[in-house]
Amino acid sequence: MTSPIAANIRSLTFTLALAFLVTSIGAAYWTILASDQLANDPFNPRLIAATSSRPRGAIVDRNGAPLATSEKTDSGFARSYRDRTLAQVVGYASTKYGLSGIEAAYADSLIGQDPADPVSIWKARYFGDRAPAGQVMLGIDLKIQKAAADALGGRKGAIVALDPRTGAILASVSVPSYDPNPVVDPSKQDAAFEQLNHDQNRPLLNRVAQGLYPPGSIFKVITGAAALESGFDATKKLRVDDPYQADKSWGDYFVRSASHAHGLFDMADGFRLSENIYFAQVGLTIGAAKLTEYAKRFGVGATPSLDLPAAKGQVSETGSIDRPTLLADTSYGQGELLVSPLQMALIYATIANGGVMPTAHYATEVRDAEGHVVRSIAPGPIGQVISPGTAKTLSAMLVGAVEGQGGFAFGARIPGVQVAGKTGTAENRPGQAPHGWFVGFAPAENPTVVVAVIVENTPEGGVTAAPLGAQVMRAALGK
Amino acid sequence: MRAEAGVPLGRARFTELSLLVWVAAFAVTGFVAVLATETSSFSPTAAIVPAVFLTLMLALHVFLVGIRFRGDQILMPIAAGLTAIGLILVQRLASDLLLQQLSWSIIAAGAFAATILVPRDLTALARFKWTWALLGVLLLIAPLLPLIGREVNGARIWIKVGPGSIEPWEAVKILLVIFFAAYLEEYREVLSHTQRRIGPFPVPPVPYLVPIVAMWGIAMVVMVFEKDMGATVLFFGIFLAMLFLATGEAFYAILGLTLLILGGFAAYHLFGHVQTRVDTWIRPFDEDLRFDAGFQLVQGLFALANGGLLGAGLGNGMPDRIPVVWSDFVFDAFAEEAGLAGALALLALYLVFLYRGMLIALRAPTPFLQLLAAGLSFIVALQTLVIVGGNLRLIPLTGITLPFVAYGGSSLVTNWMLVGLLLRVSQVSERMRGGGAP
Amino acid sequence: MEITFAVLLWGVRIAFLVLLYLFLIRVFGSLQRALATENAVAARPTGLAHLVVQRTVRGAPRLGDRLPLRAVNALGRDAGNDIVINDEAASARHALVEFADGEWWVEDAGSTNGTVVNGEIVRSRERLQYGDELAIGRVALRLEQ
């Protein structure tokens, strides 16, 4: 006999009820689970509407000097940006093209709804009573910023200066930059945005945090740190003969010394004269696992914690070092390494800070309209990466690299101040000029500023970069 | 609350009345909330609308009591509640269309009353099944005809009637259910009592399948020409469901679903508009879609995100940023302002409607009435699931409306007639069993 | 003043949700009660159907008798059954005929010779429609209104 209709009705109803359940779960997903991400989408008209009818909060430097402000015009409020060199950091707030930079990262705070002030969020959401926006204060010091911008000039590259004790970023320059004002002007925004997107030099990129480059010799501090903490004797002299090869299995691959050296070197000499063969031998001695471990401890290959987007570098293509030639190369800063200027600044800040790596951040405070501090942005340090003893030893050797006899980083000397630092000339693509690096800190005995400089494709390499670093440090130290 | 003794309660339909009182309560509250936030364009018409609507519902109730109608008392209040929410949302989202929707509500109430009174004998419906089939086909084809047909938003599913236009396919879905119910009652034994089997698969007796497959085929082809994805899915679903209800053969259901998926693939590659819909469903946030074809869905999702648990509050959200929100995305708009709580309540109302309809089907005394009631309930449930699924990005978006709630005259009228038919079936059951009205 | 208005407005919005849910709960409650009444109705002795004796043997119910059916009816040889079928071919407890979910059902209670409906042996629980012929042993009964 055929099955009764009643049974079929029951099965069908059950199936439909299941479908309703799935639908309810879907509703719950979009209203609750995925809601934060959607609410902060820069193209969400709710977020945008909350902004254009009222003045947006100002973004200021550490001394209160305005960097981005909302000016009253006939048709509402328009955003005005004061400093071109901070374009990638401050970002833009466009109703059409969304938000970027600090404008995006602190979007809630800039419309008076900072997460640290739930009452204002409640009032805005449920009573339509939006608090007048206060301001977001950055750690940037315009004086240092200007010095950095002037130093780098029109050369492609980046300079970042930060306080090793707190991680606050004092200056951040990425060249080429652009003028963000047309992007937020409704009559000019389409053309401006089109041009920026198609510019081969990528002015929208914040090279400080998002530019990835081979480090070259500045990486040697990591090799040195790994060696020192493995019990390697830094005072032992090693034989250096250019060119160098561990054994015949390397074929026609050799490590070459920048100064075609032949002699005995200890680690201090290695830093002072930036001796690749010395560090290659150190690397081979401590082994790939140790080197990789310390690179990772220093944050290479991980995304640094930052309130703006940051790029993840790499230790090697695969993440590990699997052959001796690659180990040798990586030990003196080439190989397949990729780092950002920010990451390098943090690494040297660790050395400057007794082995404790600080957390980098652009913003330092959020204030309300009356000037009261709503939220203080002072993330604690990431942790103790190396022992204070190791840091001290490395610091002394870095001083030697600048101040010592024949030190390659002599260009970074500042009269009356002990400067610690290292230059790097990083080979990148064959046929292209190398990148010039300098990373250093001052004053060496009690550092208050760390600077990382990279000048893209400059034949003189680190020699070009070092004086730029000095210029920035002088501005920071008030000399 | 009365304690019923399981004895027929007689003439007064108390349950219905008390439920309508609750409808009145939240309807008035909802209107007040929406009107209070429209500081700029307060018009006295807006305040009259809830009064007219509630009077209308009361009139229907009095009408039912007056003709001593013995039957279900739950479906009509649910329909009234959903229609009320619809009116509130139209006021909120497209206040210039409010009077139109109210007029349609009045027409729908009239159609409901007509369905209650005519035809005298429901089973007579079964006798005219071929008439319904023919009428259904004519109505389906009508929009394709040159003089009276109209194309709106790429879909040619409208016909001009006097000053306005209607979507005949809404009526066709009911005609289809009546036809299938009648046909399947006659032939269900044959269709499921499959003697021959190839391995595990039953071989359906083809000659008996031909008329219904033909009917269904015509509906599908016409829908493809009229470019209405939603109606196509709906007709397909109705066909499969009716077949399953009548025969219980899961094989038909599985085969049908497989064909649907295969057809879907083919449609994706053959038809541009299908491809857009599916692409938008899969990656709405991609650069090339999110400002263009995917804009509506993305705005809908933004609205949902703003809803949270309790909603942004009636009148406090920004659902008006969703294009054509009053007919395509009412669910998202309601979810934004009434939150997940409101959205779940709305879904629950449809689920209870489904359950009540299916219960009526279970108790119907003849197979035709069982299939009819179950089919009609299925229509409402499927329509709800498809449009809400599209709004929630669970499935690609289609153009069908949320029953009773979304703006749309034809939909409202046919759905109220559907409720009338369900009530008629329950009336037959009550008479036959002499049971008590709940 | 502004704030009071805002608070009032929020009160109305919350009231809307609350009332909507109360309506939903009431609807659900009514549904439950409808279910209960309709089940109660179905359980009553129906007076709706009879088994009319079509074929019989000596001692079993008389030919042509209209036997009224209750909601649940036990059929068999035993005197304790609701409908006694006094045929040796029938088992003491032979079959069950009951009215449930608006339908009539027949179920074999484990009889020796089986229960037959319209010529086919009843395997489990089968629907019994008006006009169907139920055979218990050599006695045939037809379900009629």
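In order of appearance the chains are A, B and C, and numbering begins at 1 in each one.
Going forward, a contact is a pair of C-beta atoms (placed from the backbone, for glycine too) under 8 Å apart; a residue touches a chain by one contact, two chains touch by 3 or more.
Predicted, not measured: the structure shown is a model, and the values here were computed from it.
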Q: Going by C-alpha centroids, which chain is farthest from chain B? Tell me that one.
A: A
Q: Would you identify the chain whose C-alpha centroid lies closest to the centroid of all protein C-alpha atoms displayed?
A: B
Q: Would you kindly tell me how far, in whole Å, the mean C-alpha position of chain C lies from that of chain B?
A: 32
Q) Which whole number of Å gives the spacing of the CA centres of chain A and chain B? A) 56
(Q) I'd like to verify one number: the distance from the centre of chain A to the centre of chain C, where each centre is the average of its C-alpha atoms, in whole angstrom. (A) 76
Q) Which residues belonging to chain B are in contact with no fewer than two other chains? A) 313, 316, 339, 355, 362
Q: Mark out which residues of chain A touch at least two other chains, giving numbers and ranges.
A: 4, 6, 126, 128
(Q) At least two partner chains per residue is the criterion; list those residues in chain C. (A) 10, 101-102
Q) Which residues, counting only chain B, touch chain A once they are in their complex? A) 188-189, 192-193, 241, 244-248, 290, 298-299, 301-302, 304-309, 312-313, 316, 318, 321, 335, 339-340, 343-344, 347, 350-351, 354-355, 358, 361-362, 367, 370-371, 374, 378, 381-382, 385, 388-389, 392-394
**Q.** Residues of chain C that touch chain B when the two form their complex
**A.** 9-10, 12-17, 19-24, 26-31, 33-38, 40-42, 48, 101-102
**Q.** chain A to chain B touching residues, read off their complex
**A.** 2-13, 16-17, 19-20, 22-24, 26-32, 34-39, 41, 43-46, 49, 125-126, 128
Q | Residues of chain A defined as touching chain C within the complex | A | 1, 4, 6, 126-129
Q | Of all residues in chain C, those that touch chain A in their complex | A | 2-3, 6-7, 10, 101-103, 120, 126-127
